[in-house]
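Common to both upcoming complexes is subunit A, partnered first by subunit B, then by subunit C.
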Partner chain A sequence: MTRFAARRLASMALVLIAVSFLTFLIFNVIPNGDPAVRMAGRAATDAQIEAIREDWGFDRGILAQYGETMEKLFTADLVSYFTRDNVVDEIVARAPRTLALAVGAAVLWMVGGVAVGMYGALRAGGRADRAVTVLALVAVSVPVFWLAALASHYLGFRLGLFPNGGYVAFAEDPLGWVHHLLLPWAVLALGLGALYSRIMRANVLDALGEDYVRAARAKGITERRVLTRHVLRNSILPLVSLWGLDFAAVVGGGAILVESVFDLDGVGQYAASGIDSLDVPVVLGVTLFAAFFIVVLNAIADIVQAALDPRVAER
Partner chain B sequence: MRRTARPGALQRLLRSRAALAAAIALALIVAACLAAPLWADHVAETGPDTNHLTDTVTVDGEERDVVSLDGVPIGPTWQGRYFLGADANGRDVMVRLLYGGRNSLLIALAASALCLVLAVAAGLVAGYARGFVDAAISAALDVLWSFPVVILGVALGVALALGGLQVGPLVIDGGSLLIPMLVIGVVFVPYVARPIRAQARSLREREFVDAARVSGASPARIMLGELLPNLASTIAVFVALLAANAILLEAALSFLGAGVQPPTPSWGTMIRDGVDLLTSAPHLALAPGIAIVATVLAVNALGDAVRDALDPRAPVGLERGAGSAGPAAPAPTAGSRTPEGRPS
Partner chain C sequence: MTAAEEPLLAVERLSVTVGALRAVDDLSLELRRGEAVALVGESGAGKSMTAVALLGLTPPGARVEGSIRLDGAELVGAPEPELRPVRGRRIAMVFQDPATALDPVQRVGRQVAEQIEAHQDLSPAAIERRVVDLLEEVRLPRAAEVARRYPFQLSGGMRQRVAIAAAISCDPGVLVADEPTAALDAVVQAEVLALLEELRRKRGMALLLATHDMRAVASVADRVAVMRAGRIVEQGPAQEVLRRPREEHTRALLRTPAAASAARGSSARAVEPALLEVSELEVSFRPRRSILARNGGGEPVRAVDRVSLEVRAGETVGLVGASGSGKTTLARSILRLVEPSSGSIRLDGRELTGLSERALRPLRREVQGVFQDPAASLNPRRRVASIVAAPLLRNGGGRADARERATGLLERVEQSSEHLHRFPHELSGGQRQRVGIARALALEPRLLILDEPVSALDAPVRAQVMDLLARLQSELGLAYLLISHDLELVGRVADRVAVMDAGAFVEEGTARELVEKPSHPATRALVAAGYAAVREPK
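And now, the complex of A and B:
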């Protein structure tokens, strides 16, 4: 078990290195992507471009450039090609916004998914169950950024129920913080909540047919206790390992699409702006930030699974 | 003891009313998109990229500007010309929606096919070969899997759209639809390859594989002749999941400017153009969004029916979605995923 965990952690580090190198490579093999030309602006002379190239080290080999960039990243010296802002500082300053968005949404889709899934399973085949199934199917079919734009426009701008974008720090105004994040949370949580409700429903139906439930009922335990103690617990377990992965996916995916629409100015919006201007240091920083969550939460999920089921570690 | 599609799966599928409704809806959408030139030439009488900034159109006997003097495009007229209104350049939204649908669906289809081929090949080889080959392929899949889907897609999309792609004598122009196809096809590979690998790994221990090996079948023959047929139902379940998430990811990439490049229409680029004008011309964002929801819903419903018919107890597919993309992912998603996989 300890060996498995150690191996898992070592491979985690290797994967992160590979991800960073690939990101760097993607932006450095672009035929028309010479950053020096773009940084110099339109009316630049060849000498100016050459000077920039030398200044930033673009004339060196790709491995040397990569090494230097990573060194700067870890010593927090990495600056954007265009705004000259410190990338690490920018990400650290924005991280609380993205994490607030992702954590709130994660709680919402987990609680919502479990509740709806349980409800559907207990009324399996009924009208309510079928309605919920159809709604869940619709929810996973909606593009999240489109829903975000419509929600922000109609519920925020038109009806004025929510602020028209923006973010307020929790420390400054806890109620305002919730008010600003409520809509983004709901939009992000909808699709995943629907998915979780379907997984939960299937899990509950499976659990209800298990011997331990029959045994518990035979012992004369109240139905309520059977559901909470036995069925609920065993049905949620598989969702928990998914939860970590989806949380990471939202940090590196959904957040990019949703933050810009709601003008939350988190890491996701920063990523979108960096990608727009082909700002390699920004994209590299954000990619590693998101990949870190994915890799770490993946490893934790694996290790937890191995702890619960030793056969996993032997595979 | 082969585990191919269970007998009766097709009958079960054909009996499902939801599957039938979804199939009909999907067929109608595809047929409408294929008929785009007919609508453009004979009904709307304009092309998808033709501007009509200074034209007028007669609605209910009243002459109206296609784009008003202060730049507000006309809304749906519910008649042949400008059936769904015009956009800020005076282009016919219905015509663009149909042509855009062609592009969105073509990209999703090609990307799904590419992804399936790559993922099945990688999963089969890794699962069958084990040892070093398996380790190498699995490591590559792990790296790809650890990339945030949207960031990887957008980074690749932007980079390629800017410079195009040159592989030997083959040159792909930056604005080509091949680029979003490639990007989307590659991004989803690990979501499909990992479960295929796991299944191939356990299948290879079965007696019928031993029997084939003993009778002298080559590894290629065993993989294609013995393992692949047994993976058919898994692959069938992934087809719809992939297609649905590919449509969502195309839209997301185009929305971020990293997918289909203007002026080529796609549902994603149309939403991108439309969200800024929600106040004055909501039809611009609503029409393509509703088209996406309807199409993805039909694909998902069909996929669900296929899955239920093959194996009523199968777990939900793509683990991390695009969510929401994706399925989120979409998760692959769903499940990622997310599907929904939910690749969002």
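And now, the complex of A and C:
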């Protein structure tokens, strides 16, 4: 188990280095990507551009540039090419918003998905199950920005049940925090929760047909125990690693649309602006932030799964 | 009425209907205290359905009629709260496949404990002690340690012992065992049966053993009930039914692959040159290594360890060993489905190892394989016609020609050509294996590697398939390398038999020599597992 965890951690570091280097490389080879030209502005002379190039070190080898950028990133000295804002500070300021959004939504879609999936499976083929199936299909298909816009317009603006976008820090006003995040959470969780409910339903149906469930019933233990001990646990297992991946994907950019509609000003929105202006330091910072979460959560999901399912650790 | 007269469990006119299928049809059966009754029949005869009906665990939608009385109390139609205390406490059950009947993600001790918890109010420490005692009672070594393991860390036999420990944990009056040994290999089968018998005697438990294995019946049962299509067709004291079966169906179940030996010739074949010559063959698997694992993932596992072997044209060479002894890996390496690490495989004097897939292709026609599980070795999404014709088409045959040949091949294996349009799942196990054989014959090979070709089949079907293989051998002059864990089966048809253990050949000889003077412990275990003596064919 410890070896398993250690190996997982080592491979994480490799992935992060590879991701950051590739990102850096991509932004150095795309057309019109020369940051010196863009920084100098429209009426710049060649000499000015050259000066910027020298000043920022763009004339050096790509490996050297990459090394320097990474060093600056890790010492929190990296600044945006265009706004000169410190990239790490900007991300750190926005991260709580994105994380608050993602964590709440993740809990919501996991718990909701498991509950709805279990319910559907236990009533498989019945009217309730069919209704839930149709609803889940709708929920999966609805584009998240459209749903976000509708929810924000009707529930927020028209009915005034929820604030019209924005974010309040938890430390300042816990209730306000929840109030501001409730709609974004629900909107973000709906699609994934519906998807999870479908997976869960199938898993539960599979488990119910397993010999060990029949054997558990033959032992004379109560149906509730059969369901919680044997069916639920075996059915949730496959969802755990998926959960880690999806959560990381949301943190690493999947929440951009919801962040934008509800004006949460999170990391996703920052990333969008960085990509828009080909601002390499911003993009690199955000990419690493996202990759870090994806990799870390993936590893955590694997470790959790290994703890829940001893067969995984054994490989 | 005294306890001796009144049966402990009385089943009267029991019927179980699932959809349009009457799985159990008007079945009456009695089980007295401490008595062992065998319920015998092919798969699908209704044994399992009868077994689960006794615990009130028929699948949802099944209609149960008739009466099941336990100590006079009616179970059919009893409400769930009345049934639950019966299950596992008064009637306990052991299922066929311990690999699936244990929850894969719970420690086995926990799975025994939960049955005790369900019926008895004991402290956690007391339960833990009981679990260890029970695991010791089913003869698991280092019981306390085993209790902390997960099912996947135990062997099949150990898992079944755990399941038995759970079943007897609340001292049930009736133990229902549904094919408890069918998923185990021969050596372990004998041990598990002996254990069940011992527990029954010691605890005075009644045992209802559902099985298709007549050898198990002979060694355990006081009485036998023979089932067919949901009905009991013959019932009586075990010795009587086994010695003087009244019904043809019972005789069919009793028949073992005997006829196959008739068609075989003399030992004059010894002078013929070897068709297949394997020498010093070695197959090792290196455990998968990760680029990050510092010391390279551990020692290679030697699955086949310097094995040498000859098969001459037209002869049958037997290869026996317990599961895990390397038989299948050897078969696969001869078929070049796994790459040997060293050694040589010659076919007609031509070296096969090291040949590229392309160079190997024409030689592949000569050696074909028939695999253990016909359900798994036939593509479920293809019709029989396309399965059988596939090797023909792939080796440059025309479509119409291939279709015609496929029909001929099915006739060869005694299958009607109307099966051509069916999917594998529409066929029975025996029919599927015939299709597997037909496919192997498509390219007119000279050697068939038969890897446990009948172990997934019931006794009567097994005999038929072995008869078919014998007929094909004499008609087509095929050579067989027959691989099985069943020394008795192999002994009936093989000219020579090699015993494999831990990847290496430990003993070789005729079946008679092996049975009468086994020198290696592995051979002795296989002989013991076979119970009945092997009749050496003349």
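We adopt the following convention: the second predicted complex is superposed on the first by the 291 of 315 C-alpha atoms of A that agree within 3 Å, B and C clash if a C-alpha of one lies under 4 Å from a C-alpha of the other, contacts with A are read in each partner's own complex, and residues count from 1 in each chain.
The rule is simple: a residue touches a chain if its C-beta (ideal position, glycine included) is under 8 Å from a C-beta of that chain, and two chains touch if they have at least 3 such contacts.
Quick caveat: nothing in here was measured; it's all calculated off a predicted structure.
Asks: Based on the superposed arrangement, let me know which partner A:230 touches: subunit B (first), subunit C (second), both, or neither?
Replies: After superposing on A, A:230 lies in contact with subunit C but is clear of subunit B.
Asks: Between subunit B (first) and subunit C (second), which does A:197 come into contact with in this model arrangement: first, second, both, or neither?
Replies: A:197 sits against neither subunit B nor subunit C.
Asks: In the superposed arrangement, does A:214 touch subunit B (first), subunit C (second), both or neither?
Replies: second
Asks: More residues of subunit A are touched by which chain, subunit B or subunit C?
Replies: B
Asks: Is A:11 touching anything from subunit B or subunit C once the two structures are fitted on A? First, second, both or neither.
Replies: A:11 contacts both subunit B and subunit C.
Asks: Look at A:20 in the shared chain and tell me whether it touches subunit B only, subunit C only, both, or neither; answer first, second, both or neither.
Replies: Neither partner.
Asks: Looking at A:271, would you say it contacts subunit B, subunit C, both, or neither? Reply first, second, both or neither.
Replies: It touches subunit B, and subunit C stays clear.
Asks: After superposition on the shared chain, which partner residues are touched by A:308: those of subunit B (first), subunit C (second), both, or neither?
Replies: A:308: touches subunit C, not subunit B.
Asks: Should A:98 be classified as contacting the first partner (subunit B), the second (subunit C), both, or neither?
Replies: The answer is neither, since A:98 touches no partner chain.
Asks: For A:143, select first, second, both or neither according to whether it touches subunit B, subunit C, the two together, or no partner.
Replies: Touch status of A:143: first partner only.
Asks: Intersection of subunit A residues contacting subunit B with those contacting subunit C?
Replies: In the superposed arrangement, which is not itself an observed complex, subunit A uses residues 11 for both subunit B and subunit C.
Asks: Considering only the defined contacts, which subunit C positions touch subunit A in the complex?
Replies: 52, 55, 57, 80, 84-89, 92-93, 95, 97, 100-106, 114-115, 117-119, 150, 152-153, 163, 166, 170, 288, 290, 292-293
Asks: Hey, which residues of subunit B end up touching subunit A in the complex?
Replies: Subunit B residues touching subunit A: 139, 142-143, 145-152, 154-156, 158-160, 162-164, 166, 244, 248, 251-252, 255-258, 271, 275, 278-279, 285-286, 289, 292-293, 296-297, 300-301, 304, 313, 315-316, 319-331, 333-340, 342-344.
Asks: Which part of subunit A faces subunit C closely enough to touch in the complex?
Replies: Subunit A residues touching subunit C: 7, 10-11, 210-212, 214-223, 225, 229-230, 233-234, 237, 308-311, 314-315.
Asks: Report the residues of subunit A in contact with subunit B in the complex, numbered from low to high.
Replies: 11, 14-16, 18-19, 22-23, 26-27, 29-33, 137-138, 140-146, 149-150, 153, 157, 191-192, 195, 198-199, 202, 206, 242, 245-246, 248-254, 256-257, 261, 271-272, 275-276, 278, 283, 286-287, 290-291, 294-295, 298
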